[in-house]
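The structures come next, written out as structure tokens.
You will see two complexes here that share chain A, one where it goes with chain B and one where it goes with chain C.
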Partner chain A sequence: MRASDRRRAEGPEAPSTGGVNRPRPTRQLLEALPWLAAVGAYFAFPEYLPLLSGIAIAALFALSLDLIVGYAGVVTLGHAAFFGLGAYTAGLLAQQGWGEPISGLLAAGAAAALLGLLTAPLVLRAGELAGLMVTLGLSLMLYEAANKAAFVTGGADGLQGVEVWPLLGAFRFDLFGRTAYLYSLAVLFLLFVLARLLVASPFGLSLRGIRGNARRAAALGVPVKARLSAAYAIAAGYAGIAGALLAQTTQFVSLDALSFQRSAEGLLMLVLGGLGSLHGALLGAAAFTVAHHALSEASPQFWQFWLGIALVALALAGRGGIMGLLRRLGRGRG
Partner chain B sequence: MSAFLSVLLDGVASGMLLFVLAVGLSVTLGLMNVVNLAHGAFGMVGGYVCVVLLNQAGIPFLPAVAAAALAAAALGWVLERTLYVRIYRSDHLEQVLFSIGLVFVLGAVVDWFMGARQQLIQLPGWLSGRVEFAGVGLGRYRIFLILLCGAVVAALHFGLVRTRFGARLRAAVDDGVVARGMGLPVPRIFTLTFTLGSGLAGLGGALGVEVLGLDPTFPLKYMVYFLIVVAVGGTNTVIGPFLAALLLGVVDVLGKYYVPEVGAFVIYTAMVVLLLLRPQGLLRKAA
Partner chain C sequence: MSALSTHGLTRRFGGFVAVDGVDFTLAEGARHALIGPNGAGKTTFVNLLSGALPASGGTLSLFGEDITALPQHQRVRRGLARTFQVNQLFPELTPLEAVTMALAEREGAGATWWRPLRGMGPLREEAVQLLDTLRFDAADRGRLTSGLPYGRQRLLEIALALALRPRVLLLDEPAAGVPPAESREVMQAIAALPADVAVLLIEHDMDLVFRFAQRITVLAQGAVLAEGTPEEIARDPRVREAYLGEPAHG
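And then the complex of A and B:
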């Protein structure tokens, strides 16, 4: 295991975050590009707003996975547990008569972060391979619990009757998804900026140190388990907020929010975009969601087939994803 | 009482099947440290080969099962040589992505050709029905499964402990570098073992159509079960995973029969608890 870590730390594709690089004007422009495109899409594709909201939510989920997998180096197969917990928290709050969206979002994030904090010691304690299976087992437990507790969650029928109040008391969630998209985009933007600050902070750098070589980091005095637990909880909170956004904007929660498929798709988005780079998570989520939309219109099997091919190819071709490609292109030019 | 015994027999039979399906995984995951979430796909392929041969080609049951095992072994051999061998040295995330991708591809292909519905087979006359034994009606197919899988367990155990190949495999696993230095063809040993494991999964899948069911979600549905067998059973013996599979099968069937409202929750909880208490498996002594 250490051999692969070393390779990752020293390899040419060791990720560089914008935060530690000197800002350059072209770089700033490039970084503004996805957000300009996202706002432009609001005007350019008014009929695709629900899909665009889906991209923003998927991007937030991928971002949260990037924090824990890409930066902290803890591989998880059960991140959907936090996404689903957030979705059910926000959904149940709204269903039970508290439909205020922003407080619902915060409550969902807090609930998921708390679950993350509670389960992090279990995941980290078990060791790498067993830890992977613990994440899987925990998410399956939650899925099964939500499935069987149909009197609370609606079980396989999903959570019905979610009524979300107007945003800030002024903007109703309309049928066309205008409010939903701008709301999701704003939340994504805020949390993205926060994540940028986080990964460039001493905390974020210590996470990358741990991922590079946990033993050396410990020898340097980094409290490895505490840092990883904190990162796990933060990533869980992010995923919870992403789930809450889905619940609030679609006014519905289904068991899918907790499924293994969602965890796996999150990993694919991340690897597609480029692991350990926050922009990669955004690009990966966008590419993934658009491809999903286009291919599953043809047929669900078709989508599943190509999704699998993409996973196999990405795993064999090494990481880097879209961001790696862009970086190579940029390097070739300079 | 007789109802309980026949449920118990069901549990033992499905535990035996789980062992045959999962034992190959205990080599890839446990010994070679490769996270192979696609192991169930070999079982699924075996199951479908058996269904097609039985229902569409009209081949008798036993040859169809044998052909299913061979087909899965062949697929395992091809995939190991072409793809798996490339990810042995990758890190766990890449192995996870690779094997999930494989499951998706194979599931989609099967779904495309066979549809998403559950597959059914007609057992031959001599395997259907029940026999009375000391006043208890026992399913013939269950008894057949227990005898057959028991023979597989015994063969594997003696193969690993007594044969030259078993000794080489144990050596390759204990210390691959030294084994290579001693002139053992380690990659070939792994290929053979992977092929054997895939073939056994195919055998389990074919035998399990009647017991575990078969549809394109089979690999994902039983993935956790296989992981439990390996994680709980440990990897340095055949007997460890066997006992784990037996326990899992019995608990699962008893749970589904007597407390259906709890469902699979117990199994998942047991998996997490056991992973935390004994990360190296039930039988292995803590290092």
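And then the complex of A and C:
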């Protein structure tokens, strides 16, 4: 769970030791690597484009969780509430005749961020465990509400008849998922860049300060609750956009979007990739989705068992998830 | 005008009255010490002043302004800073990052999300300079706080408070637990505090108290037992009875 080495290297004054502090060009290349791979995958695996879109969406959801859990230190078990709200917002807009994807995405993000802002006081007011229960309770309520309101949401049958217009008026969402993947990837990239800016800013530093010692942060003049509420709303907006991407690219919304399973899987991805490092969220989402796919093909009934083993092994052997592992490898070599 | 004053300041925990109707005044630029036996309510009093705890009764004002209802961060913005008896630091931040955070908050830039810290040169320069005056070299500045020796961590406590450029500074046992070899640095840092800052020192170490303070308030069982110059306090029979009679480090 310690991403501190990387943080140190990215801090205002990087020490001159450690393998993380490579010459700049190498570092930039490493940063570009996941994105080059993502674009390369478009050409290399045309038959897997829906899976790749799924990875991009999962990565955005994990990124959202990373902002609130990994950086701000607010733990949540109900993040699917925002994902689902975004999915239904975008889905319903398109079903009701407004299928323009980008405005749908923004509306979904805004709706989720608003819900985040409204519920933040409830989550932050209680202690850590009680706050966790509040997040869980809110997401369960939203799930059941969506289930009950079948006349709007389609209930357990899912939201049908979602018709999304061509992207930018030019690119239709084709059957092979080409547009869907490139669209998801572009949104993920833009929001990743924004997240990087956030965590490197004074705002991001104050979040890390609050996570490390909220009491002292307050004594330094940090308005702790306001800062955390803002972070919670931003993360909620990210999750809402991820949900909207799923609704628009699959032209369907099911109750799964709001499920506890989704909240839990998001956390698993994050822990797998490495908490508190944005690249960890990307890697974790990719590894989890690919493993899910491969394992469930190999043993449809049993795949969670193998996932469990992988998680236990990672938790015991490699703190910091995949990112921690990579960092240690890098240092060993340097 | 007084820098900080309280009237009937009270804090109850259930049936227990930890701070009991305290009237207290800290003059501008004061060097004032607050002493008292263990359990006298000194730290609770500091928590009430800083806003870490809400008062159960009474009022307090900062440079004439009633701040009784203000949350902690608002009091900080008005120039009231404190250090902690038990280190309250950021283990996973470097001293440079922690000080920079305090500076950003002081400058009202704490919520800035659209600019990377790296582009904010003046903040960084000021942080380096401040840490420099407390003799943090480049290696100390860039290390994780959790890896710093204890004496350095105590100095960082003070550095964080100084970064806020306070008008009133509450020092809660700044030298507590510091090995003698390093405690001189803490003493020097305290001696070098700007003269216009009003300082309230809560301390067990009587040597330090009598060297530092121009005025001393004695707290016992949550109430003010005596107040005066160091000489007056040293002579006061009530103080001897309640406090100086027992071992100074008790």
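Throughout what follows, the second predicted complex is superposed on the first by the 298 of 334 C-alpha atoms of A that agree within 3 Å, B and C clash if a C-alpha of one lies under 4 Å from a C-alpha of the other, contacts with A are read in each partner's own complex, and residues count from 1 in each chain.
Quick note on the criterion: contacts are C-beta pairs under 8 Å (C-beta built on N, C-alpha and C of every residue); 3 or more make two chains touch, one makes a residue touch a chain.
Quantities reported herein were computed from a predicted structural model and do not represent experimental measurements.
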Partner chain in contact with A:G308 - chain B first, chain C second, else both or neither: first
Chain B versus chain C as contact partner of A:V39, first or second or both or neither: neither
Which superposed partner A:G204 touches (first chain B, second chain C, both, neither): second
Which of chain B and chain C A:L326 touches, first, second, both or neither: neither
Touching partner for A:F260 - first (chain B), second (chain C), both, neither: first
Chain B or chain C, by number of chain A residues touched: B
Touching partner for A:V224 - first (chain B), second (chain C), both, neither: second
Chain B versus chain C as contact partner of A:E128, first or second or both or neither: first
On chain A, the residue positions that both chain B and chain C contact, one per complex: 4, 8
Parts of chain A lying in touch with chain C, wherever the complex brings them together: 2, 4, 7-8, 11-15, 197-198, 200-206, 208-209, 212-213, 215-224, 227, 230
Chain A partner contacts - residues on chain B that touch it in the complex: 29, 33, 35, 83, 86-87, 89-98, 100-109, 111-112, 220, 224, 227, 231, 261-265, 268-269, 271-272, 275-276, 279
Chain A partner contacts - residues on chain C that touch it in the complex: 50, 52, 71-73, 76-77, 81-82, 84, 88-94, 96-98, 100-102, 104-106, 109-118, 120, 124, 127-128, 138-139, 141-144, 160, 163-164
Partner chain B, residues of chain A touching it in the complex: 1, 3-5, 8, 69, 75, 77, 122, 125-130, 132-134, 136-138, 140-141, 144-145, 147-148, 260, 264, 267-268, 271, 275, 301-302, 304-305, 307-316, 318-319
